[in-house]
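In what comes next, subunit A is part of two complexes: it sits with subunit B in the first one and with subunit C in the second one.
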Partner chain A sequence: MFGWLERNPFFFAVGVFIVIAFAGLIEIVPDFAQASRPVAGTKPYSLLRLAGRQVYIKDSCNACHSQLIRPFKSETDRYGNYSLSGEYAYDRPFLWGSKRTGPDLHRVGNYRTSDWHANHMWDPTSVVPGSIMPAYKHMFTNVADLETAYAEALTVKKVFNVPYDKDIDGDGKVDVPLGSFEQAKKQALAEALKIAKETKREDLVKMVESGKIPEIVALIAYLNGLK
Partner chain B sequence: MQSPAIEYDYTVAKWFSYLAILFGILGMGVGVLIAFQLAFPDLNYIFGQYSLFSRLRPIHTNTVAFGFTLSGIFATWYYVGQRVLKVSMKESKFLMTVGKLHFWLYFIGALLAVASLLVRYTTSKEYAQFEWPFDIVVVIVWVLWGISIFGLIGIRREKSLYISLWYYIATFLGVAMLYLFNNMEVPTYLITGMGDPLHSVSMYSGSNDALVQWWYGHNAVAFVFTVPIIAMIYYYLPKESGQPVYSYKLSLLSFWGLMFVYLWAGGHHLIYSTVPDWMQTMGSIFSIILILPSWGSALNMLLTMKGEWGQLKENPLIKFMVLASTFYMLSTLEGPIQSIKSVNALAHFTDWIPGHVHDGTLGWVGFMIIAALMHMAPRFYKREIYSKKLLEAQFWLQTTGIVLYFSSMWIAGITQGMMWRAVDQYGNLAYSFIDTVTVLHPYYTLRAIGGLFYLVGLFMWAYNFFKTMTASRAIEREPQFASPMAA
Partner chain C sequence: MNWLSDNVNQLALLGAAAILVLTIGVSAKYFKQIKEGKSEGVLKDENWDGIGEYKNNSPIGWSLAFIGTIIWGVWYWFVGYPLNAFSQIGQYNEEVAAHTKMFEKKWANPTKEDLLGMGEGVYLVQCSPCHGIDATGIEGKAQDLTKRLLKESVLAVIEKGSAALGDKKMDGVGKFGYQMGEMPPGLVSGDDAKAVAEYVANGFKGNQKGAEVFANACASCHGPDGKGMNGMAPNLKEYDDTIIKHVLEHGKQGVIGTMPSFKGRLTAVQEKAVATYIRSLSEK
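Moving on to the complex of A and B:
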């Protein structure tokens, strides 16, 4: 049979394809519906946090940081409760990372504050001597791209039914409002101003007041929400 | 069966060879830089924000995988394909055009894609960072290569497909399937008419996204760093040594075994994560089984040299290829060990993983491509290899580099893993995270030096190749070796 296959490239290729596609079919298909169900309390990202998440992705923080706490005592002691599948339900893409050059960040919002982040992102070694994390000064002047973040939120709302503008927990109130771009932007600016003030940096506050959100503020909003 | 009259056309093979050298030096130059950055963080700022570690790491991985390695694969395809099928690209204007188009589209696409990473366009998925327009270019390039493969097969004289061809075909199909499924993404601009036109959002979320990503990521390793490299060694080692492949049955078994088993093993990237348990265990088990077909191919190659070990002394190319098979055996033993759940608990997220990656990529992929190009050079240009001494020196320098690289990363990884979980007498964590970072400094430095050795070796290789092309002694006919296919 193999000799025959080797003289008939078409059937050879079909054979190879079936053999390699087999595993994917069995492994990926059955679980698809299950794993994407959100656990209680998991909500979609607000516009500002989504913009911050995009900054995190753009500067590839995931090259050095994981967001996946494994179920070992040494990890839960260090980082908090181990991660649950449903907590990632609105993560597109997932950001588990594959290398912990720096610590896990899945619950960093529980133990770091806005001003800590601002100082640390400006110059990590001034906060943690010996750190090998790079400084991200350009984030303090770059303006976060709210339009793209809004486009993403609207896309997932339309295409994947992510529950923006909905009452998720049944308390009669909308949990994560999105609305029109203008509404969403107004909301984001309000959130941003609060964070900018927490960082105690005048320049950031001024930028937000002038209607521009620096990338660092959006990023901190995202990090603060990782709990 | 003998048809000495065929004049093979190596134009496209030569072009891709130059690219392999170029991308090799670029990609590994960046690799050396980021390696030094982990030891000396001030190096992050030499080109402002464009040289930050996090910006360059994906550029390193993409340039070496999809620049260096793919160029090597294409270069060897455009050489090996003609010879084992016994047709010349000259015979078909169409295939020649497709080949050239394939080259240019690939080259321009690769440059644009790297530039896009530099200015922060990334989907964040490892080995699939490119945003959607580049994914489309990748698909077109891939289809062109497919046309070239099946086109050449369509006009072949040799009716039976040589072993190498099985592996090239599998590479083509495997990557096509994986890439398409993993890069399913929705361009946000097309849906909303707002924001950045290059931006997209993944079709899958959370654990599902992770599952698809590592099904892809693991098998990208399979179909870029393993399968096509086996294609090369099945051709170049027998050709260079004049020895027939040791066992046809073993190659059959290894090929179909590898195809079946490899795809199951992706779960080993997700052990103790939130994907279902049974899948993690399957990943573990199939990773162990994977030793069989992997060692099957490697042993088949080593046994091909049976009784001819004297060649190892005289011919540096044989040295490169024999050591490549040996490194292949090493990393296909190491990988399964890291897939055992208890070992993975220690090794995952540490430097042991890059250590493992690089004994495979530097020792196996790198050495095989280096040897393949130096085997082809005398046949491209009808000149002798410029300097075997230089090649010899390169071999030892790079081997030293690899040993420095993986041994320092083994120590670093295990040290780090042990420190993360160490507790004092009251059961509290013994070290803060930064302790586990600063302790690695000497190992990071050693690794970077090892990488530098390897990079210097690449420059020696480039020089040798260039000199062979321009200044070496001409030979009448191409060097002849007895060969299994007389190809």
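Moving on to the complex of A and C:
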């Protein structure tokens, strides 16, 4: 029956590969598929947070800050619960980082506030004496790129079926609205105004009221959402 | 013969000699067997084109090992692996449980010095990024913990009322955190409010008018001495254990800003330690 296989080394090699890979296929793939599903409560990034995430990547925050809390007591004491793979379901790409020059930021939204971030990014040593983090004053004047963030959100919504405009937790309400660019921008401006007021900086509030969102506000929205 | 004094060389030489002797001995045995040996076994009945086969029973040791392996295999497949497999999270849980047990045993009855030391450690890691290393609140960015209350904070609470550090999602007492419940806004106003704010912020000293207002409007809940009548209402005079525990668990929203909740991040002893440390700051 399989005599022809013995006469065709190439197909024989393919057959051997399938037989050997089969165990891996049935052991690894189902577990991987299960673990990469979003953990309950994980939601896609709103437009403002996505813009902040792009600022985070653009200014290479991930070069010094990780976003992965390992299951060790020393880490969970300091940073909170250990990270689960399903929490990164909407991260494209994930920002685990490989080096901690600064502290981990995966749950920074739990223990820092908007005004703290604003003070810290304006002059890190004013709140953390001895900090070696550089100041990021340009973020207070640069305007966040909502168009690109919207393009990313719309792309992942269409291509990867990321649940924007959907009721994720089953309470009958849309969890993360996106809609058209105008609707999304209006929503982002409302969120940004709230954060700008929390930072207690007049210049940021004025900028948001004039329809422009400073990068720092988008970044703080992103950091506050890391929980 | 210097190289022979090294014991590794001696052992190697001994090993080489042993290999040589064994090789010669074993070879000689088989040469002898080929030359002189006679068959002692019993042939089976079958033969194939005249070629026969001896009856060879499997050795007892081999049979036992074979059966033993099957039994072990069944145990490993159904019990050994599933129940004893390594799990990183399992190891983490064991680590945490062992630490918690050790911690509770070690700090079952902490002295005041123990609490002060522990409180300072926890404060520096968890609280100092906002309240500052010297606990003065970094120039108004957060509550100055070396003083109990600022005049602005007292005025803001009088004007807006207070949910008394409550969790609004909870019912009953939990909703307000304190037995006395929510403080309504506008109990005093105008100059009276300013006077009482000054009196409270000044550590219940000075401003005679403020003292009178306090006795009339505030003392019924916060107590005549301002200490909150043993946890019925917030203590306005010092940071007692109750208020620190409430703020750590519920967070706080005040005129200065918002403090996030630290629920579940500290143990009961650590919370007490932080309270002890913070109290010690205003005693200085």
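The rule is short, and it goes like this: the second predicted complex is superposed on the first by the 192 of 227 C-alpha atoms of A that agree within 3 Å, B and C clash if a C-alpha of one lies under 4 Å from a C-alpha of the other, contacts with A are read in each partner's own complex, and residues count from 1 in each chain.
The working rule: a contact is a pair of C-beta atoms (placed from the backbone, for glycine too) under 8 Å apart; a residue touches a chain by one contact, two chains touch by 3 or more.
Since the structure is predicted, the reported quantities are computational estimates derived from the model, not experimental observations.
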{"item": "Which of subunit B and subunit C A:27 touches, first, second, both or neither", "value": "first"}
{"item": "Touched partner set for A:128, first subunit B, second subunit C, both or neither", "value": "both"}
{"item": "First (subunit B), second (subunit C), both or neither touched by A:119", "value": "second"}
{"item": "First, second, both or neither for A:19, with subunit B first and subunit C second", "value": "first"}
{"item": "Which superposed partner A:198 touches (first subunit B, second subunit C, both, neither)", "value": "second"}
{"item": "Partner touching more residues of subunit A, whether subunit B or subunit C", "value": "B"}
{"item": "First, second, both or neither for A:78, with subunit B first and subunit C second", "value": "both"}
{"item": "Touched partner set for A:58, first subunit B, second subunit C, both or neither", "value": "first"}
{"item": "Which of subunit B and subunit C A:98 touches, first, second, both or neither", "value": "first"}
{"item": "Touching partner for A:111 - first (subunit B), second (subunit C), both, neither", "value": "second"}
{"item": "Subunit B/subunit C common contact set on subunit A", "value": "71-72, 77-78, 128-129"}
{"item": "Complex contact set, residues of subunit A against subunit C", "value": "71-73, 76-78, 80, 82, 110-113, 115-116, 119, 126-129, 198, 200"}
{"item": "Residues of subunit C that touch subunit A when the two form their complex", "value": "88-89, 91-92, 95-96, 99, 125-126, 129-130, 132-133, 138, 141, 257-260, 262, 265"}
{"item": "Partner subunit A, residues of subunit B touching it in the complex", "value": "37-38, 41, 44-45, 48-49, 52-55, 57-58, 120-126, 150, 153, 159-161, 166, 169-170, 173-174, 177, 181, 186, 188-189, 191-192, 194-196, 199, 201-202, 204-213, 215, 252, 256, 259-260, 262-264, 266-267, 269, 272-276, 279, 282, 345, 348-351, 353-354, 420-421, 423, 428-429, 433-434, 437-438"}
{"item": "Interface residues, subunit A side, partner subunit B - complex", "value": "2-3, 6-7, 9, 12-13, 16-17, 19-24, 27-28, 31-32, 34-36, 54, 57-64, 66, 68, 70-72, 74-75, 77-78, 83-103, 125, 128-138, 145, 147-152, 154-156, 158-160, 181"}
